[in-house]
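In the two complexes that follow, chain A is the common piece, with chain B as its partner first and chain C second.
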Partner chain A sequence: MRKKQWLYYLPYILWIILFVLAPVALIVYQSFFDINGQATLANYATYFQSGTYLKMTLNSLWYAFLITLITLLFSYPTAYWLHQTKHKQLWLLLIILPTWINLLLKAYAFIGIFSQDGAINHFLGWFGIGPQQILFTNFSFLVVATYIEIPFMILPIFNSLEELNPSLVNASRDLGASNWQTFTKVILPLTMAGVKAGIQAIFIPSLSLFMLTRLIGGNRVITLGTAIEEHFLTTMNWGMGSTIGVVLIVAMGLIMLMTGEQKAKKKVTNK
Partner chain B sequence: MKKVKWQNVWLVGIFILLYAPIFYLIFYSFSSGDNMNGFRSFTWANYQALFVDKRMIEIVLQTLLIAILSSLCATIVGTFGALGIYETKHRRVRNMVLALNNILMVSPDVIIGASFLIFFTFLGLGLGFGSVLLSHIAFSIPIVVLMILPKLNEMRPALVDAARDLGATDWQVLSKVILPYISSGIFAGFFMAFTYSLDDFAVTFFVTGNGFETLSVEIYSRARQGISLEINALSALMFVFSLILVAGYYLLNQRNQAQKARRKRKAGA
Partner chain C sequence: MNKLGRITLVILVVCAALFGGTVELQKSQGYTQANTLTLYNWGDYIDPALVKKFERQTGYHVSIETFDSNEAMYTKIKQGGTAYDLAVPSEYMIEKMRKANLLKPIDHHRLTGYQNIGTNFLNQPFDPGNRYSLPYFWGTLGIIYNDQLVKKPVTHWADLWSPDYRGQLMVVDSARDMMAVGLISNGRSVNSTNPVVLKAAKDKLDQMAPNVKAIVADEIKMYMVQNEASVAVTWSGEAAEMLANNPHLHYVIPAEGSNLWFDNLVIPKTAKHEKAAYAFLNFMLTPKNAAQNAAYIGYSTPNIPAKSLLPKSTRTNPGYYPSQKVLNRLQVYSDLSPTTVGLYNDLFLEFKMQH
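So, the complex of A and B:
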């Protein structure tokens, strides 16, 4: 009987081996080969020695940081006030709805909005500010990336606010805390799990938004993702691309550690 | 009183920001000009162009086919995977499998795409329909598992024990007790897998060869060439389609919940 059960799980186990473990192993393996298929450490040497790759990585991390920060600044108040509205589930649904629209279409919309005689420049024209180059700048990349990521930050924060026991807030008020004190000493610390989940959900993808850097950033902003895409699909230097991929995986692991560990700790102390 | 107003102003502002680009696109899909600057006159021409664009229709059908097939396969594999994780009593093994399950959930799309590309090339598989389908199945499985597991955990083990005591075979326990109980999770998983597949661009972009394209890849290559209002028309249709999908999903979900509540009340009475 047990043998028969194994048969049911076999596809799932195969999936783990073939599509989770093997690809990661292969990308690490590939990173030790140069463009001619020779085993080498040169890719890592190039990565760490030529300043361009390190600069690109820092640049990518910096933009991901900015995107996450701006998104957080917009999302926290939105989640907080959304939580207090009457039909909050309906409003939340409306916040999530745009995420069901293809990302490429949203980026495409901004190509129109930001273009030389698009809506924004038209608007600026009323104030006598002549047409500005907005599309293909760092600014436009930041705006569009933030726009796309906002719902993914609102959702976890909203959920953590839902889990927050309202009597804690009432207790804090009864004990004489001001609104600000209640917020900083009670609400914010207790919703940190949601904030961290949001950071995790945004920072990592922000490192790899290559389609936005191509469509909106005009190849000025080079992220880790853009570099990987270029090495794999344009210059066909898979070894170097994999090396950057390994860097991205390491960065991802670090971020998971930084945002995940404390959550686990909190769970233990709460119980 | 005043405070409430400020909050609402903020929320309304956020909603406008979120929806303005989408409606901007849809608005210009009815313009007769050839760019998104200044509305010319109302026309259906962009939609008509879309409906006679054979290549576009073919791509839409391919995208839907991939989405349906991949979400079906992912749901089947994921359901059994979730059952497997649920039945694993060994705690460390279980946590390890869960961690492995989540790797694809948190990996950036480029990493998934690049590593799958190496994988398919390594196996000597040609790129095209097959590689795209396999990739979509692969990245949809973890979400299906994550949708089903909570349902399994919430099920009382006594239910299964009772069925066994009454002489049900393994298959009967599965098909008459467990699957009906977790059906809403399976359905949610299927739905998520479907939308994941429809939305995906990055992974598909890596593993699709020259011959095969999905809608996202097509939009990307057209958007790189500049603005064509046909894409606006397409985005309007896709917006309506996702509205219908989401609405349908919520209605079905609501009905399921209502049914469940009714059953509970009956059982209680």
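So, the complex of A and C:
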């Protein structure tokens, strides 16, 4: 029986080794070689001494933060409303639907909407305030990034709202809490897990967004993803590209630690 | 069998059936290992009608795989496991592949129509005596502008710095090409390796930053056609496509000089069907075929008799077929050392951060 159980784990273990552990190990390994194949720590020195990379890192963090914040502001009320409505499954489907379409196609659709001759500028034209430059601005970049990421924030929050026991909410009201108090003291703390899952699902990919930065941002927004792409495809300096990759992986670990903290604590107290 | 097992089985059976289906389909179209020529080309870089014609004439089947950068192509051929019979790298990459021993020499005795290629395009420093490559298309880097959106024609690189074009300029997301614009504006060679010279070129580019609306790639075509920007830096062939869709656009090669580039056909070391490869080379050397391809793609053909078959408006357009005087001022990229390529890219990245 035991033996058989071990067999069930095999595909999972193989998957993790081949597609998670091995690539990460390779990236770390590559990051210690310079462009001529010599083992060195110079890549890290370059990274931490160059104003360009540090500025780019700050830039990436700042935009990832903004994207996460905006999606959160939109997602929580949406998920809450979704949780209350009648035809949940239908609304949910409508939110998931856009994620089935390729990212590139969605980006091109936005180019059409935002361009000088696009729908929005036509609309603004009616009021005599168009055409405005919308493409290649930070605004358009944030709008498109938010649009693309939003389902990944709504879903975990929605799930945690669904899991919330309604009798807790009723009890809070019975005991005289106002709506606002019920929300801040009961609902929000109990759905925090969903919020954190959403933050993880958005913040980390946003750090390395690169295609949107060019298509929608016109390279006005430069993130670490841009630099990695360039190092692997143009410069062929895989070492430097990997170094930036390692930095991203470390950042990812930090975010996971920060957002996963409470769960760990809870486990300890449960024991 | 439980439900999970049944579902798994169904999925596996469907996969096997689909795979078998594609194999059968390819067989029924006549694709087999023995008579298929694999062409590794840039996307949309050959007239599909010509491919059909070649298949009809020779009985070979052509399978086309595409790449979107010289570096991606290089990596793929170098890693092996591929069986490309022909590839279409640009000049500096041919030099790099030649040095890395990735190319088979071309036997000129097996070619018919080699003399059709203009002497301007042969015996270039990147491949002396054309031992490894045959010119496919050539072109230039230049400026495209919209005559409705600018007051006077743009003719010099220096115009790009003019305060008239604040926030109106689109440039290509290519380190080598944009650094070349900076270098030429400073009166330097596009193959400079001196870090001080390169830094100066980047400082020059930085001064252009307020004019730059966006740094983009292929999308330039779409944006210029839709009047999204008034001036752009782009390649001649891309310009041809834009001009065809918007009559207000004009392409200029700045008088100070610019980059002259080549895309040449080469036979990679990994080629399996040399005979088919030579048949294709000879097919493309035929003036009528080269002219048809040039008319379709819009880039300039190095095939002299083919050029005379093109419409007069194309043939005499100085943007595509510049005079000898202009040609003499153009510079060809050479393969730079990895460290220098790294420097070019780091500087360009800094420029991108600036803008």
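Simple rule for what comes next: the second predicted complex is superposed on the first by the 245 of 271 C-alpha atoms of A that agree within 3 Å, B and C clash if a C-alpha of one lies under 4 Å from a C-alpha of the other, contacts with A are read in each partner's own complex, and residues count from 1 in each chain.
One rule holds for everything that comes next: a residue touches a chain if its C-beta (ideal position, glycine included) is under 8 Å from a C-beta of that chain, and two chains touch if they have at least 3 such contacts.
Bear in mind that the values here come from a model prediction, so they are computed numbers and not experimental data.
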Joint occupancy of chain A by chain B and chain C, clash or fit: clash
Touched partner set for A:22, first chain B, second chain C, both or neither: first
Which superposed partner A:129 touches (first chain B, second chain C, both, neither): neither
Partner chain in contact with A:233 - chain B first, chain C second, else both or neither: both
First (chain B), second (chain C), both or neither touched by A:168: neither
Which superposed partner A:215 touches (first chain B, second chain C, both, neither): both
Touched partner set for A:250, first chain B, second chain C, both or neither: neither
Partner chain in contact with A:81 - chain B first, chain C second, else both or neither: first
Partner chain(s) touched by A:111 [first = chain B, second = chain C, both, neither]: both
Which of chain B and chain C A:73 touches, first, second, both or neither: neither
Which partner, chain B or chain C, touches more chain A residues: B
Against chain B, colliding segment of chain C, chosen among 1-9, 109-117, 127-135 or 289-297: 1-9
Chain B and chain C contact sites that coincide on chain A, given as residue numbers: 111, 115, 117, 214-215, 233
Interfacial residue positions of chain B with respect to chain A in the complex: 7-8, 10-11, 14-15, 17-19, 21-22, 24-25, 28, 35-38, 76-78, 80-81, 83-84, 87, 97, 100-101, 103-104, 106-112, 114-119, 122, 134, 138, 141, 145, 170, 195, 198-199, 201-202, 205-206, 215-216, 219-220, 223-224, 226-227, 231, 234-235, 238-239, 242-243, 245-246, 250
Chain B-facing residues of chain A, complex: 1, 4-5, 8-9, 11-13, 15-16, 18-24, 26-27, 30, 74, 77-78, 81-82, 84-85, 91, 93-95, 97-98, 100-113, 115, 117-119, 122, 147, 150-151, 200, 204-205, 207-208, 210-211, 214-215, 224-225, 228-229, 232-233, 238, 241-242, 245, 248-249, 252, 256
Of all residues in chain A, those that touch chain C in their complex: 35-36, 52, 55-56, 59, 111, 115-117, 133, 135-136, 214-215, 218-220, 222, 226-227, 230-231, 233-237, 240
For the chain C and chain A complex, residues of the former touching the latter: 69, 71-72, 75, 167, 170, 173, 175, 213-217, 219, 222-223, 226-228, 338-339, 341-342, 345-346, 349-350, 352-353, 355
